[in-house]
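Below are structures written as structure tokens.
What follows is a pair of complexes built around chain A, which joins chain B in one and chain C in the other.
Right, the complex of A and B next:
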């Protein structure tokens, strides 16, 4: 176990150092900048947690589909649909009821956006990777069109909605600027624990994982794999929608063109790195959060932001390598 | 005398378990040499050492008089040693020819035309028929077995290891296989046969090595031993012969199938009007050549395929109207044919596998919740029932040998008050003792009122174990008349459709 972690971290650091050297920046200095920018001050930590929040929830969305044997590449689109529809509701009903209803509608929108991919997979065996990628494109341009037209705030130059009233926003649980921690992060942590319990302790969770691990054996065990696929896909979509709604109500306060910098895609890495336990999503989303926030500090130093993406890519590859294992037979 | 294979003092440990302990094996060239023993006796492990897939902790290996040290199966095949395993290494989606030459293409550029010619020569020589350009998924189990043998010949293997080659074959296919093996041996090839079926040893092999608990207990000339003696050497004690029940069962009917018709995968009719009654307490055996419709009947009763016509009534309930999970709730229990694919999740622990299929039933479930403590308790009982050898209930299923997985799967299907036991080759991969244990377990469930349907390709096993026999042929089920109810020849005729 230990050597795996050591391998992961030293591998990642070596790659980062190599990449930085080729960009003519001192590796130690860059790492110092990265860590300082993400963890070096209360403000930096607050920023890191803010980056972690959407990655955590979207990571859980990818994770649950993965346990059912499905690659939901469509979390990005589900997140956008959730965010846009939640903004619409929150603007119409500017109070706490609007906030709660907005979250629900956001989750519903995410689930509906994942539903076609689930149906096609369950009843026509069309591969979910293809359908969710296509749905991502539709979601991206559909929400972009909405925010350029019907949802656009009147008199605004930019393609953005109006800002959601403070009463409708999610509260801060720690609010001493520049350090702010939003309840959205707590929602994400609770969701990870809830998912862990659901998978480990309920018959439905057992069945979902059985269908993911061996669909044929699952059928013989009386599990409807079609129904499991639909369930996993819609729940995954709902959590993706939740990530979008949380992002609006906690941090952004509005929906605009280019709302997500690719949280849904980074979430794929978060979930893959998490391993087989949903609680693994907590540290892996934090790691992604640190690199995202630290990457901004590096950028100010003149190092391209892409370098942290390179590191993440290699981390995922290394994780995939160390997870591969051979089982010896005893008897 | 020079030996084709000479293994001396082979020892191999897996963790603390000694799978092989100072085992010697000497095989004369041009002979068929049998290796027999119970599950876990070390047969497969010994063969994997010979084939280069495992490194022994100690011991030496000579092939055709030359000392060798294989570090991979590629080196073994280069030295002329090849193995066909229990799980065939055939890729269904590519053609038979591509499967044949895979990994031994003989160059960077493929020359399929000359490969096809050489393949055809090999097949003609062995008397095999192949449509080389068809996908391998169209092969029957017997065809796949033949292709595996040709793969060894293609790689110029002179020493061939066959692990349970007839487990999936009909009697006729088995006979044809042994005809080819006899011919290969006569031409100088050396064949090492790992098997549970003593008649094969007695009829076709010249020497036999008996392993028990990782130790070689004896080696004999087949001409100087007999079945009873071998059986005793294998289990290390005397073997009582099982006597089937003679009196017909008078209990009420539990399962009634009427006019059951099912479409096959290619649009033809896989089942053509099956009628069958099974009484409470009765174990019915269905004999037949593989592919006669047993699988479709089994899958229809499990609920995986829909019937086109007909009815199935189990204890006054319409079975066909229910989902697979409702059938399990009603007491349908399944010992699936392919434990790898259909019965276990190899990455999961024994604990987790214990409830697979029974996951909604108490005590495995408590309402919507998994009851892990009770599941652990039950998993222990399941493992104990047929003496599954394991290193801990928290270890993955993949850490068990095939035979031990089968024991676990069979014991699981007899849990929680079964009403209808559907067993497809329930003793697959089991030794004599394990086979008897599993059938005794099914018998015990029947004694409590369950009905059982056992599908097997081994007619002798069914004759020995079941109360009543029926035979399937071409999607139809036929029963021998009362006078020939246990007549091997009469049932054999029904299996090929001349009744």
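Right, the complex of A and C next:
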């Protein structure tokens, strides 16, 4: 088995090196640029942490569903719904109450957006991957229609909402520009610990993991797999919505067309690399954050950013091969 | 009226070709959400190659690019036995990033905007012939029946002496060829490659395949229906229907909504191949 993994890794490296060399970029130089751009200076580290923040929370969303044996590819859509609804609330109530309510509404919107996929999986045995892909696209068009219609700021050319008042936004815990760390990152870290405790110490968490590890055994042990499926999907959706709400209140301050550059999809890679412990999401989201921020540095250096996406794709494949994790996906 | 019909055919063609690619993969039991990436790869390769090698060379290189991705899918799902969905997602990422890299780095500025290609009617004809050929193939030939057998129950197929791994190799080879043609058609239709130009067509094709109950001719019908709605949206351009103006986004979201309803089991019985996703 080990030589196969080695073969795959060397194949991936050869493809990447070949692509870089044919574009007249030295691979070592590209790696140096990437690391320097993401970790080389305080400003770069601040940027990396900012990129990490949504990936961490969205990664947790995918992770929790994965523990129950479900692929929540719909985090992208849940994030968009959470972000749009949170922006709406935060604009209506421009104070701290609006911030807290916005977060709650965002989580609720995310959970509701994941619910159909959970229901169809639990009671109709429809594959959650397909339903969540479809829901993603519906969410994309729905939020796009909302910001170009009812939620659009008056007199604004671009399809964007108005900007949320400063009082409604999440505070910075370390604010010495160029380095800024938002409380959203701390929320993400705390959420990872909370999930770790929930999965380990509570009955519901145990049942959820049991159903994910072996649905048949779980059923014979008296665990309702329909209920754990619904629970996992709604919790996952709520965290996905939280990721969107945090992104609005911490960094973006508004919702606009093209809000997410694919956080939900990157989050799938984050969760797959994380292993079986929620705390594993912390380093894996940091790795994705480094790649995202370093990709921008590469872009400035004339290397298209897409190369980092290729790296992520291969990382996901290799992680899946190494872990030999066959999640039950029989429709 | 005629222009609406023509537009329907034009917009359905890439969907049909990609859906047939999904058919040869999924009926063999390999879940394939990588259709999007395969199309994208083919489109990019064609746009880069046709200015140098002409339409035929562009088509062949485009197909080759899509086949590379689909055989990588075969390799990791069948040999390494990783989950089909993970592989599909990873391949979509590789294709999206890879095409972004390739077209920014290698596009010949002199040929930007005018990629030589086949006339689009060639693809329209293929889009109607291929589903019929596939329909006959899976019912009447040994290879086709083997594909269905492997997709329905890989273990039983193995007992009968049919190697799922081998059958799926040819299934995914066909997937690469068909999604490759679909990707090349996109470039032939628009004349250029743009970043992420498939814009979810791979997923709509998958939706059509599911709506068609994993059968070629009903899937063809579903693609035509989706194409018709997009054509209608283009022609209406926000003109009110019965006094209500429907946002363009609603039309665009319609295929996905219908598929969700179908998956909920409200439209006919569940026809998912029983061996889908199994080793």
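Definition applied: the second predicted complex is superposed on the first by the 305 of 331 C-alpha atoms of A that agree within 3 Å, B and C clash if a C-alpha of one lies under 4 Å from a C-alpha of the other, contacts with A are read in each partner's own complex, and residues count from 1 in each chain.
To be clear about the criterion, a contact is a pair of C-beta atoms (placed from the backbone, for glycine too) under 8 Å apart; a residue touches a chain by one contact, two chains touch by 3 or more.
From a predicted model like this one, the values you see are computed outputs, not experimental measurements.
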First, second, both or neither for A:220, with chain B first and chain C second: first
Touching partner for A:207 - first (chain B), second (chain C), both, neither: first
Contacts of A:145 with chain B and chain C, given as first, second, both or neither: second
Which of chain B and chain C A:246 touches, first, second, both or neither: neither
First (chain B), second (chain C), both or neither touched by A:73: second
Chain B versus chain C as contact partner of A:58, first or second or both or neither: neither
Which superposed partner A:195 touches (first chain B, second chain C, both, neither): neither
Which partner, chain B or chain C, touches more chain A residues: C
Those residues of chain A which chain B touches in one complex and chain C touches in the other: 327, 329-331
Touch list for chain A against partner chain B, complex: 200-207, 210, 213-214, 216-217, 219-224, 327-331
Of all residues in chain B, those that touch chain A in their complex: 14-15, 17, 19, 39-40, 302-304, 323-328, 334, 336, 341-348, 352, 355-357, 359-360, 365, 368-370, 372, 389-391, 395-396, 398-401, 404
Residue numbers on chain C that touch chain A, as the complex places them: 31, 33, 76, 79-87, 89-94, 96-102, 104-106, 200, 203, 206-207, 210, 247, 249-250, 252-253, 256-257, 259-260, 263-265, 270, 272, 276-279
Residue numbers on chain A that touch chain C, as the complex places them: 4, 8, 19, 23, 71, 73, 116, 119-120, 124-127, 129-131, 133-135, 137-138, 141-142, 144-145, 148-149, 265, 268-269, 272, 303-314, 316-317, 320-321, 324-327, 329-331
